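Remarks on the structure that follows.
Here the chain labels run A, B, C, D and E in written order, and each chain numbers its own residues starting at 1.
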Amino acid sequence: MTVGLEHYLFVSIVLFSLGLLGVLLRRNLLIIYMSLELMLNAANLALVAFSRFNNLLDGQVLVFFVITVAAAEVSVGLALIVALYRKRRTSHVEDLTSMRL
Amino acid sequence: MLITFIIFLPLLAALFLLLVPREVRWGIRVIALGATFITMLLALLLFLKFQTGLAGYQFELTVPWVRSVGINYHVGVDGINIGLILMGAVVAFAAACVSWEITNYEKEFYVLLLVMTGGILGAFASLDLFFFYFFHELALVPTFIMIGVWGRGENKNYATFNITLYLSVGALITLIGLIALYLQMPANARSFDIVALSGYFKGNSMPASAQHFIFPLLLFGFGILVSLWPFHTWAPLGYGAAPTATAMLHAGVLKKFGLYGLIRIALPLMPQGARSWLGILAWLCIGNIVYCGFVAMRQRNLNLLIGNSSVAHMGFVFLGIASLNLISVTGAVLVMVAHGFLAALSFALSGYLYQQTGTLNMDQFSGLLRRVPFIGTVLIMAAFAGCGLPGFANFAGELLVLFGAWKTLQPFAILAAWGALIIGAVYMLRAVRTILHGPADERWAEVKDANLWRKAPFALLVACLLAFGFWPRWLTEKIKPSAEIILNMATTLTPPPLKTVALEPLSLNTRPSGVSDR
Amino acid sequence: MEQVLFYILGAFTVVFAFLVVANPFSRSPVTSAMFLVLAIASLAGLFVLLHAFFLAAVQVLVYAGAVMVLFLFVIMLLDLKEEQRRKIKNFSLITGLISLVAIVAVLVNVILRSGLSGPLPAATVEGGTVELGKLLFTRYLLPFEMVSVLLLGAMVGVVLLSKKDLR
Amino acid sequence: MILEIAVLVVGLGLLVLDLWTPPERKHFLGYGAALALVVVLGYSFFRFDLAAAPAFAFGRSYILDGLSLFFKRFFLLAAIMVLLMAVEFSNRIETAISEFYSLIVLALAGMMFAASANDFTVLFVSIELITICFYVLTSFQRNRLPSLEAGIKYLILGALSTAFTVFGIALVSGMAGTMGFEELAKRSPGLAGQPIFILGLLFVLAGLAFKIAAFPAQIWAPDVYQGSPAPTTAFLAIGSKAAGFVLLLRVLFTAVPAVTAQWTTLLMVISGVTILYGNLCAIPQRNLKRLLGYSSIAHAGYLLLGVAAMAANVKNPTAGGAAILYYLSGYLFTLLSAFAVLCLLLRQAEAEDISALAGLSKRSPLLAGTMTLAMVSLAGIPPLAGFFGKFLLLKAVVEQGASHAGYYWLVAAAILGVVISIYYYFGIVRAIYWPGISTDLSPIEISAPFKMALYGCVLGMLYLGVFPNSIIKWSTQAVSALKL
Amino acid sequence: MKDFAWLVLFLPLFSAVIIALFTRRDAQLSAQLSIGAVVASLFISGAIFIGLQGSLDLVKGLESTPFTWLRVGDLDVQFGLRLDPLSLLMILIVTGVGALIHIYSYGYMSGDPGFSRYFAGLSLFTFAMLGIVLANNFVMMFVFWELVGFSSYLLVGFWYERPAAADAAKKAFLTNRLGDFGFLLGIILLWATLGSVRFDQLQGMILKNPGVLGIWSSVGGLLIFCGAMGKSAQFPLHVWLPDAMEGPTPVSALIHAATMVAAGVYMLCRVFFLYAATPAWPPAFSFLQGINALQVIAWIGGGTALLAAVIAIQQNDIKRILAYSTLSQLGYMVMAVGLNGPSPAMYHLVTHAFFKALLFLGAGSVISALHHEQDIWKMGGLRSKMPWTYRTFLMGTLALCGLPPFSGFFSKDAILAAASQHSVGLFVLAALVAMLTTFYMFRLVFVAFLGKTNSEATAHAHESPRVMITPLLILAVPSLLAGLWGIGAFLERNFNPQATSESPNLMEEMFAPFGHSPLAAVVGLGAVIFGFSFAYALYANAVKDPIPQRFPALARALRNRFYFDEIYEKLISLTHEAVARLADWFDRWIIAGFAIRGIPGSVELFGRALRLIQTGNLQTYAFVFVLGVAVVLYAVLHH
């Protein structure tokens, strides 16, 4: 069975879903964040696969931007998590429910 | 231009009031009184300059506003609204007069009062659906705020909440109806202008499906605003909690907006819708007249009683509309004007009593006539005007409605007459008996009668009631030609295909328009 | 050859990703981070298979290198040795799984219905540095410049958020 | 492009100038930035014309047409006001106030790019530029736990929505083989039956729904609004939301009109649910900022009314579009007024409860009046901007009722929402004027520039409500760019 | 000339307005104004009567220049004053008796704090009453009809601090309103059928074609009669009149004896042409076929007369006795109308106005002398203390009993004669009533004026001042002589133009009753004699009423007026009160409570429930987001 776009998309979807699973189930903000990175990577995979499929480089350019943006996001996010930890000595989502209803 | 002055004078005065420092209390009062007084005089001038017997609009002014949507600032008067405008201006002045009871946030109160006045007058003068609605809302918001801030009684918060939500629902349903009406015009000729709309629908009938959809929207939207049974419970509650001036202006004038809308818009533009819904309206108005009359019989709080009775009176207007003939519709308009004066008078009285005694529970009162002969006398007059005593304008209006209703809705006319003559008299006389008659109670020994200045608004309102009671023709002659036009449209079910036929009289009520009787 | 590589790399990616999210043996963020590095590296392999050479390099350099170092750095900074074994609430587990299953079901179903099976066409363009660079500095110059602004903003933000003393 | 460059220069200039500005004079930087933006705004009027033919750059990935120009001006205006607010609020931000200004300006730049986005790459990057700036802006009061908490929530959920967006873009652009919207528009009719394409599009929309706080991504808004510093909340509520809307309009009506035409029911449901969700949840709410958060969800729903109406007639969606733009303009002034008042209130006390408003009418009649007008306008009552906006939106929706009866149900939902909203907006007005117990009766001082800005907002609300003509004209011109 | 009638009408109103607005503080001036107005009206009326009398007849009355009050569609209401013998006679009575009572009041009410108010009310009443009399159409009549009710309300409730007076006023007005309800419907019915409300036009139409009313003729006639039933206090709406005695006595004399209560009878005579229409019933009432409206009216009148006379036997309050006597006499008049005899009815109305006013004023004189003592058993022996009052009261009594040559004899005889021609039953009934009348009147005279002094107050009683006695004396004259003035013939001439007779001379006039209906005259005379004998037997020198001992049950029933008030109270509370209670309950709990409070309540509850989603937990939010997206995906992709 030849490997086609479908297969890559499957991998991408599984990756996306695993990331989602992490976001929904893990309590540690850092791990949630890693899961989000997984989701972005899933999208990247899909973009690259389609780029190959269409023989167009636009998708790859977007991946480039996604990686850059993700890096920036990670840095801001981690800084935030550090700031939170300093303030609250926790990195668990359950501890962040002061605002509700 | 005159109408524009009448509308914008109070609004400008409100703006000006904002600049007056709140410490200058007399200045604030003088400006408010002066503005409403001049407005009243202008309205009187308008009333006098109005050419009786002509059917069309007079004093028209059109200023394009939002061309792309087809909204114009278009004001004008005909027989239907001329009386309402006069009545509104008079009541506004009276309301400003009785507002001496307000002591906190005076400035805000008068600003809101003036805005409400401007809105009310604008709503009645507008010949453009958008402005018609716009001004009504403009008047409605101050009502809510005034009840909320200056209201009274332990039910105040609930009453504010209730009246706000109720009237908002009514207004929004109306808005949808009006928009839907506007959209019935062909896309290139769309306009919110009532004159344009009537002109268009005179020649081109609206599709029946649209009529059956839009008419109930307007009927119930307006109905909620006028406390049509069973959407009436906001009225007694709200008026019971409202400060005097607000209750006067709202119950007296603003409430008539819905009725005016029904007569001006719903009836002539949607004859088929009217045909199928007026029967239901007839039943509902019996709910107003008889049912709310009975409810009023059980009230022990004066304001609740007046509120319920005012709901009951609205039933006569609805009956007049439902009967759909010249006599009843003319009567309905007359009742609207008359009830405006009366409701304002009643609430002014109850406000005075509340201010003096701190209660409106009728069981607390006894023999007050001794303490307050003037207020008591006026209260007796108001009570009898309320149960349809000849000499007051209400009688003439109700008489016309009953005569008219007999032609088309006999059983309803009988029930309405029962409500007018018997039930109304029962609760009104009970109120007089409990409050004014009986041995004088020592508790109220300190209660003072109105001094000369405070008598003024009462005298003014009674005078208006009597004037239109003695000479109802001042109004009916003005109403008639306009009502004829509306009825012609409302009773013409399918417009003839050819323009030439359209010129011929189409219904029994047709009379050459523009011909005055004397 | 390519197919074999795809299956191997694909499997690696999925397994490592699973271990990032739900490692049955360790709940430590460090372990997760290490597996994330592995997953990303496998993904870079897939990129190579897809002729995206430049991106594969960037993936390894930026992600596996910079980003993951950052993660580890923060983990160390926060001194998070082991995630406390808080019990995962059944409710959140069930709800999480439900929504996950729902979305995965939809996704898979959609892919299957799309008729995208069949081999990839012959590669006519290569995702090399030159080709991408040309695009980046012509058609995609604007987003490229915007990203620079974005990085500036992020930098300012990070400095502000992590500066120790507040003055 | 010149406008964006100017804005970026302002943003960078702030960072540079900060180095030489002594701490006690840093608020001048805020005024300076605001002034500079005023100049840019003025220049935009002088230099560009709404009715001009669209101009393109960077391989048609950047578009300058009426719509983008309208929104650029809109964002500029919002940013100016938010900057002034930030100056007033500066004593609540312990550190680095000039960076705060700078990030606002950078976010503004992102929004202005978003207004011009004409392909998915620019769309993605501009969204991210906005979002990352907001991550920082949200958690700027990092000594306050709520601010940090809001930041984290915004961060995680934002990143989640980004992941959805990117994945969606991957599928859409992959299936279409293009990133550009216009190209996509040509291909989308053929792709409309392709489930994977539709799926990708829905993912993109989910990301945009996050920006505008609409169903199904509305849930973050209350928490984030509540925790963020007041100026950030204001900018988030108006700027970020509007950016989401301009992108939404572009995607739905420039990129995939053929698909949008099939989505009337979906858009109606989303709009209705959003309206009802926001309003229902707001009923028992006592925290002012949180209340405004819920209300902003509801307003997103009202704006979506226009989108739903447009979807029924994708060939010529001007009526609904103009209504949206008009509504946004009114919402701009209204919301900024409300937040300006909140800023001043919160500057002194932490109390965000409605009861903190008690006695406001005594402490500052101007603020009390402004807040009242703002609430009245939000409730959609004449003569303020909110009324005419709702009027236009409802008109646009009712107009489509003839073709699809579902629009009548949508109208019913909208009306229900409006009625509910009147209840809680009047609760606020009541809190201001009701004779209640208020502990603090100290008068509130307002700086002259801020006072001017307040007057400006109030005038804007009134002007839009009473003389809507010019804005309607502009909106129509702007939206006719979407006409096919 | 004819337009001077407007002056007659409006002078009293003018005085009422002036008093109300300006001269309230000056009691004397107010009284003089009011008296002046009514006297001026009297003179003008007299002048008009003399000037126009000869040229008028009932069908072609004159009409003063009308004033269009309302004209909408086919409803045309022009207020004009109809001048014909009937109305001219009536305005003379109203202003004449009215003037005397005004003057009498000047003495009777002096010192009362509400003196000005009293005269304002009296003037307003005079205005309203004249309006009824002069009305040329139904609507105008209805207008003044209501105004009369209103002024009566004001005057009955004059001493409003007394609960009884206040209640009586309310009751009077409400009971009248019941009648007016029918009246108004009748007016509308006639207008809807014939298209006019003007008396002359209606009369013309009906006389030309008696069938013009079609099936509505009987219903219409009876509805109009409802108005008369209320105002003239006919059974079953009679309950208000005795209570109305709570008003000042001159008011009772003017309103509740001489004029207002007679308005019903006057109105029936005015619209008597209605009953000339062919009787017919709508299909729903077909079981009444064969009964015509007049019969109903006659029997209601007769019944009222008998009922009131019986009740009067056991009343002890001097004014209540007179009130029931008034009721009984009104019943007589109504019966006369029903017996196709408007002219006897009017005749009796006129004479009754004189002698009943006289009786009431006499009673007022007694009451004021005894410091408001009204119980006859506490009087006694007043003949010597108040000779003039006694003499005039006795004359009034004789006139009421119908002893020749007092005026009452002639008018009552005319009614008896009419009864004898039409219905044996009613004739017997009328004779019985006549006997009872003599009985209770002489019971009153014996107990109050003769016999021994029974109380402290009576012992110190003095004759009333001249201002009160003079009207008594003046009224005594027509009470005695009115039968000889040809009023009966005058009326007969107008109601029956065919039966024109030469104006008879005095002697013929005196014995005319024996001439044309000897049976009636003899029976009438016999009734008087019987009645007097019984009264003498039972009450001459009695200190205690013997009847309660002999017939306790009957006496109790009579004292309680056959329990009408109680029954009505029950009836009202069973109907209106119960419905009101139900409506109020429904309003409070179902509409306002369940529907209105319930809807926002449940909406709010829903909102509170909905926002439970906002747990504050990030992962919940993420979950909701994902679930939402999944739902949308599912809906769009698998619809």
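Following the convention adopted for this analysis, contacts are C-beta pairs under 8 Å (C-beta built on N, C-alpha and C of every residue); 3 or more make two chains touch, one makes a residue touch a chain.
Just so you know, these numbers come straight off a predicted model, no measurement behind them.
Chains that touch both chain A and chain C are the following: D, E.
Listed here as common contacts of chain B and chain D: E.
No other pair of chains has as many C-beta pairs in contact as A-C. Chain-level centrality, scored on Cα centres against the all-protein Cα centre, points to B. The distance from the centre of chain A to the centre of chain D, with each centre set as the mean of the Cα atoms, comes to 26 Å. Chain B and chain E have CA centres that are 37 Å apart.
Per-chain Cα centroids separate chain D from chain E by 76 Å.
A straight line joining the Cα centres of chain C and chain E is 102 Å long. Shared interface positions of chain B, defined as residues touching 2 or more other chains, are 161, 165. Residues of chain C in contact with at least two other chains: 92, 95-96, 99-100, 103, 106-107, 110-111, 116, 140, 143, 147, 150, 154, 157, 161.
Residue positions of chain E touching 2 or more other chains: 600, 611, 614, 616, 618-619, 622-623, 626-627, 629, 631, 633, 637. A list of each chain pair in contact follows: A-C, A-D, A-E, B-D, B-E, C-D, C-E, D-E.
For chain C in complex with chain E, the touching residues are 92, 95-96, 98-100, 102-103, 106, 109-110.
Of all residues in chain B, only 22, 65-69, 104-105, 108, 130, 133-135, 137-138, 140-141, 144-145, 148-149, 157, 160-161, 164-165, 168-169, 172-173, 175-176, 179-180, 182-183 touch chain D in the complex they form. Interface residues of chain B facing chain E in the complex, by the touch rule stated above, are 161-162, 165-166, 230, 232-234, 237, 291-292, 294-295, 297-299, 325-327, 330-331, 367, 369-370, 384, 387-391, 395-396, 399-400, 402-404, 406-407, 413-414, 417-418, 421-423, 425-426, 429-430, 432-433, 436-440, 471-473, 476-477, 480, 509, 517-518. Residues of chain C that touch chain A in their complex: 2-3, 6-7, 10, 13-14, 17-18, 20-22, 27, 29, 32-33, 36, 39-40, 43, 46-47, 50-52, 54-55, 58-59, 62-63, 66-67, 70-71, 74-75, 77-78, 80, 83-84, 86, 88, 92-93, 95-97, 99-100, 103-104, 107-108, 111, 116-121, 123-125, 127, 131-132, 135-136, 140, 143-144, 147, 150-151, 154-155, 157-158, 161-162. Those residues of chain D that touch chain E in the shared complex are 152-153, 156-157, 160-161, 164, 195, 198-199, 202-203, 206, 210, 215-217, 219-220, 222-223, 263, 266, 269-270, 277, 279-285, 420, 423.
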